[in-house]
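Below are two complexes that have subunit A in common, paired first with subunit B and then with subunit C.
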Partner chain A sequence: MSRKILRVDVKNDQIDVEEVSEDYVALGGRGLTSQIVFDEVDPTCNPLGPHNKVVFAPGIVTGTVAPTSGRISVGAKSPLTGGIKEANAGTSFAQKLAKLEIKAIIVEGGPVKSGYKALRLDADGAELVDADKWSGKGLYEVYEEIEEEFGEEIGIAGVGKSAELSGHNSGIAFNDMEGMPSRYAGRGGLGAVMATRGLKFIFVDDEGAPGVEIEDKQAFDRGREKLANALTSHDVTKPGGALNSYGTGVLVNIINEAGGLPHRNFSRGSDERASKVSGEIKAKEIEEREGKRPHRCSPGCLIGCSETWTKEDGKEPMGVIEYESVWALGPNCEIYDLDVIGELNRQCNDLGMDTIEAGNTIAVAMEGGVADFGDEGAALEMMDEIREGTPLGRILVNGTEFTGNAFGVTRIPTVKGQAMPAYDPRAIKGIGTTYATTPMGADHTAGYAIATEIMGVGGDLDPLSPEKAELSRNLQYSTAVIDTTGHCLFTAFAVLDIPEGLEGMVEEVNGVLGADLTVDDIPEIGKSVIDVEREFNKQAGFTKEDDRLPEFMREEELPPHNDVFDVSDEVLDEVLS
Partner chain B sequence: MSRKILRVDVKNDQIDVEEVSEDYVALGGRGLTSQIVFDEVDPTCNPLGPHNKVVFAPGIVTGTVAPTSGRISVGAKSPLTGGIKEANAGTSFAQKLAKLEIKAIIVEGGPVKSGYKALRLDADGAELVDADKWSGKGLYEVYEEIEEEFGEEIGIAGVGKSAELSGHNSGIAFNDMEGMPSRYAGRGGLGAVMATRGLKFIFVDDEGAPGVEIEDKQAFDRGREKLANALTSHDVTKPGGALNSYGTGVLVNIINEAGGLPHRNFSRGSDERASKVSGEIKAKEIEEREGKRPHRCSPGCLIGCSETWTKEDGKEPMGVIEYESVWALGPNCEIYDLDVIGELNRQCNDLGMDTIEAGNTIAVAMEGGVADFGDEGAALEMMDEIREGTPLGRILVNGTEFTGNAFGVTRIPTVKGQAMPAYDPRAIKGIGTTYATTPMGADHTAGYAIATEIMGVGGDLDPLSPEKAELSRNLQYSTAVIDTTGHCLFTAFAVLDIPEGLEGMVEEVNGVLGADLTVDDIPEIGKSVIDVEREFNKQAGFTKEDDRLPEFMREEELPPHNDVFDVSDEVLDEVLS
Partner chain C sequence: MEIKVKFFASFRDKAGVPVARFCAGDVGELFKDVLCEYEGLQGEILDESESRFPLKKGVTVMVNGRNIRFLDGFSTKLNDGDSVAIFPPVGGG
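And then the complex of A and B:
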């Protein structure tokens, strides 16, 4: 294989090209970022100090014509959780990087607090260019300027003002198909890790790139076809299916009806106002405003769950508003206006912040008396505070737990310091089991039990039952594999129900690597990825006490089911042990 | 024994009087608070949530005529460290409580965020009275008002604005001999634990109190005499000795000359400007201003290290400025003016904050760009921000690590979230060994290696040598015993060098308890206290990774010795194991 690893040290103005070691050849995406972080980063290091590194890796099949596989993983020690982190995004950036035969970029060295650089990559090589002129600016404006200067077709990864503030809520923004900073490896504060290395952007131009080498074309093509058939036939993923028609927002009404959509900082699981911000309403609005829906986050996606939201007059296109973002910036703050939510989402993208963490932060600030719940103007002003780097902004940019502690709030919905997504674990306990036990901190994508508990995919379990160890474990292992291959997690809806789809995914991987894996190998591969992550966390000082939901969720009943999170510590401890 | 335990629940307006269980009879002070916290508080609970409790306990001999024994311990799960906490203070409050035959007060229940109460105790009983009128006010004014209303002779324990803000830097202020709020159980945020239980003050009137029962008067008197002889003959503790003449401030020049006085947020270990804020200069100024020096923190102290500082014109008396406070609010912020330091100290007392944590917080804020080092006006303004509860105040009141994280600082001098006192561990490694390993977070009083490393008490070791496991262990065990008896830690200077003094201390305890302990029992008793504390922390999720100094102190050389903290992890792990 001619693929390589780039090692970048801005402080010492150094770029090294390294061969891919034997141990890394069969890895990609999350499997690779987690392994490199484990191998190279001291688990006890200060996440924003000199010893942390941020690693970018496209998935194994990313850059090929494998369907719905334009994912890039970003890994580091997280300043938010203090543990290992992988966050991934769907973006053509991932595919361009893979086509340049770059298996991973390791950004190390620092800290550097000013004199930001951008890493520019193309078929001829790599160089560091000055990026200070974009410091402090909003990313929508900056991404336009970058495309003007370096070409409309480049892939961009970048960090915003939130990362420049060393905010523990700072993500990495990749450009979407329109060039906007809307595709996020958002969670865990990876942006601050990148910024403190002195790197503000990565630009990738794949013109003349060799493309991804495929060892066994026949296996690959066979797999690709099987997976494509599965994706285009499953009700959730097919053209005109749920995701294609309404995007992830299709869940607003479903989860609200299940009593699991948290309103007012996780105080109620349903509220009739939720329907005002549903995916169905959003899709209709997008159509009326001549925004885009359906839409793809990256070329080659067969699902097309994305969209372009605009202001009411059709202006200021801003990319997708995902279900979790609608919820976090909306119902969780008692805000039920899609235009306000859209503007908050745009501000998050512009500042370089994760929307889930930001929405939880606003809600907790409201609970702490900074503003009333539902005060839309106050929520928008909080974004200004961050942009201006005021003391209040400094609090908010560090996320939910930090903000809760600043304002004496005890109802803080976090695990390992990371805020919960849009599913209340008291009403849907498998997802709560995942929140508690994944090495990532509260993260729905780590083992999306909603598929089985609510959507009937891959089985059908009572969401209120606390017996979810097996479900969460199986999903966490299979997810780690999907995140390693570079496929979007949404392919899981199809492959969990359609065995040939899962076979196809494995055959694609075999095709690229020249390997002979089978579907039966999946749990073991997934376990090996998660074991590495758990070992990192253990060495960082994590114990089983970190695998717990917050006290208030174990004691305070959530309407309408009036249930608490009653998955026992023993069950939690057996999920990944 | 007729001693009792009071259990107070403000939320439910409940006061219960309980017998002292067999297990607690031979305990007092730290030994008792740590045992009750271990027995009654879930180590994983939210420190400001409903399950935490704050426990007050005078020492075993406190309230008797045992010399220099007016100490009270306060214990809880700390919101600052997340682990168990004991902080103690020298105050007549301790003696009055003991004379009322109250072995411990357990404050539980809540949270209560407004409608504060005070617990009023006298020989006739206990009652809860309204204390809301004192909410939000400075403690100097409030303590005067309380004494006007309830009598000049009462003992007061109280929390200030910092605790009302749920600040993780909020201590418990006891009144000094002039009635001012200057005697602090300052460390670890215990004030916020008390405030969130809804209790703002405890008033103790010991008129007509029965006094402390002594089981074996002969043993007690014999012990008392031996200890008194030791205290009045040792150079450090005797009348006209170092502590009596200059107070703890005598250390400013000594530690600066040893290269271990941290200046500019632990950037240098010495600076010639230190002499401007020395104990010698302070004592001279106090004399000129007609302040008080020497002075006692509580009746029956034979050392008399305390003082009353005033403004330049002799007005606004404010109690002691300890060495650690001078350093934290002075040299560590590059402030070398005793009047500014005095005003900052007064503000801390007034707001209910620990000076060590507050000074470190200001220094870290300065490093984070909030103000320039040495900017005296800016430091004073930070106190106003806390008083007003502004967002910046909300950051600062949560302490050093919180402030460092808010402003992206990586040089944060904390262990287990608690800021370091006035000795740089790179220049004096035994105290660094204590900072790392004590269950309390960075705390000089937990095992005061300075005695041996700098002052030649109890031996004489090179401060730069990293082989300090045995020294730190022995001191931590003996300190846990002293903190349990109710003697001031400064008695250790005498009893470490004069064997009869130590015998006397044990005989006093035997006298009160009717026990037959010997000096040889001390290490085992100390170990048993610390083992309970370590077990609590372990159950709270602490690991050996929490027994480490910050990264920058292991890598950044400290002038003038240009040494790093090089006590190995293995040595740290064997200190208390």
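And then the complex of A and C:
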């Protein structure tokens, strides 16, 4: 193994290249970022102070020809949750980094308030270059300028104005296949951790890169073929399947029908107007506007769930509008116009913000009287407030809980300080169980119970039944493994139903590492990742009382099913204990 | 008695309409009428080899927002004004 770890200290203008320790050899992606954060970051530190670190790690198989595996994990202590955080994105940046044989980048030191730098990486080495000229600018303009200066083929990771404001809602933006800042490791405020280390961008050029070393090519090829067969045959992931045809927005209608799509800051779970912003409508609009669908977030993806949304005249492409973004910036704010949602999404991308957190923030601000629900102009003005760094903007950029508290809102849909995604836990209780118990704060991707509760993938469970400890636990463990391999979580739709696909994923990992893992090892590997994350949180001061949903969701009935979140504390406590 | 039937995603394309109205006493009876009316959906929804619950894997049918798997399946009774939603396999997140 010739992979290495880069350690970057902007404040001291220092880049060190380190050998990969034995403990890290079999890790990648989330498994590696969480282990490094646990090993090197004081859990009690101020997340924006000098002792935090932000870690980038491609997955174990990322950079190979393993299908749908272009994921990069980013980890740190989160300023939003106060706990450990891993967020990942699909982007060619991940593959380029892996091909340069970089197993992880650890960015440390600071805090730095000015004099931003960019880290340039290529086959000849690494250097820090001045990036101050891009400070304060929108990321769409900046990414164009970067590509003009450094070439169209580079991978870019960067932070925007929100991170420069030390906003607890600031993500890390990676360039998509068109070079736009639309692929996000968005959750948890990792952008602010990066910016306070003094690092504004990372540029990766993989020309002449050696590529990822594969220890057992036969095992790898066997696994790759099995996984590819599963992805191209499963109804959800195959060419012409739901994700490929409609994107993630295909969920709008089914979750709305199930009574679990939150409208008006989690006030009801269904509304006929949702159909106006559905995946079906969006796909039709994209076709008419000559945008792009299907589209891939990174080379080698066999699913192709992404897209390029444009303005009504087909101009000003802005990248994908994901299901979560449509919901957060739309129905949750009582906005049912895809063009307005698209513009809000563009503003989030331009400012470097997570759309789920931003949409929830706008909704609680509306509930707090800052604007009326459905006031599209006011929602857009909130983005201007952030861009201008006004006092209101500095409240909003710190996310949902901060904003809700600032305006006296008691119905704040957060867990561990992080806003909930697009499924109301009162109507779909397995996902609520995951929201409550994952070390990440409210995060649907940590254990996507929707697959089983709504889509019938990996089994069928009634979404209104509160007995979901086992479902959430199994999904959280398997997800931690997928996030470690570098595969997209959407591969789970296929591998949960097709055993050979899961075998293939394990064989790919064996091929890269020269290991002899089996499918039976998956739960234990996943548990080991989550145990590390939970231990970090425990040392940061979290207790089981933090594994709870907000009071209003346990007491206020959600129409149309008029149910509350009635998963008992005892069940929540047994999920990961 | 009128039942509102809603088609989504690829089923909407195959049916050629987003919404249709039928009269039926239960879900099984409704499906006979739907498949007779919309030939494009034949072979897409039912799994004839499965006798217990002959719905193709991944296909979701909801009556008033409740999946029929957790109601009485094809014997689920329908009442005037009920809404039935039919989805092909979907995913995302």
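Going forward, the second predicted complex is superposed on the first by the 577 of 577 C-alpha atoms of A that agree within 3 Å, B and C clash if a C-alpha of one lies under 4 Å from a C-alpha of the other, contacts with A are read in each partner's own complex, and residues count from 1 in each chain.
We adopt the following convention: a residue touches a chain if its C-beta (ideal position, glycine included) is under 8 Å from a C-beta of that chain, and two chains touch if they have at least 3 such contacts.
Being a predicted model, the structure only gives us computed values, none of them experimental.
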{"item": "Contacts of A:V250 with subunit B and subunit C, given as first, second, both or neither", "value": "second"}
{"item": "Which superposed partner A:Y336 touches (first subunit B, second subunit C, both, neither)", "value": "neither"}
{"item": "Partner chain(s) touched by A:F536 [first = subunit B, second = subunit C, both, neither]", "value": "neither"}
{"item": "Touched partner set for A:M455, first subunit B, second subunit C, both or neither", "value": "second"}
{"item": "Partner chain(s) touched by A:T44 [first = subunit B, second = subunit C, both, neither]", "value": "first"}
{"item": "Partner chain(s) touched by A:E545 [first = subunit B, second = subunit C, both, neither]", "value": "first"}
{"item": "Common ground on subunit A, meaning residues reached by subunit C in one complex and by subunit B in the other", "value": "none"}
{"item": "Sites on subunit B touched by subunit A in the complex", "value": "44-46, 48-49, 51, 111, 113, 165-166, 168, 192, 196, 390-392, 394-395, 398, 402, 405-408, 410, 539-543, 545-546, 548, 550-552"}
{"item": "Interface residues, subunit C side, partner subunit A - complex", "value": "6, 8-10, 12, 57-58, 60, 62, 64-67, 69-70, 85, 87-93"}
{"item": "Subunit C partner contacts - residues on subunit A that touch it in the complex", "value": "235-237, 241-243, 245-251, 253-254, 257-259, 270, 279-280, 305, 323-324, 444-445, 448, 450-451, 454-457, 460, 462-464, 489-490, 493, 497, 560-561"}
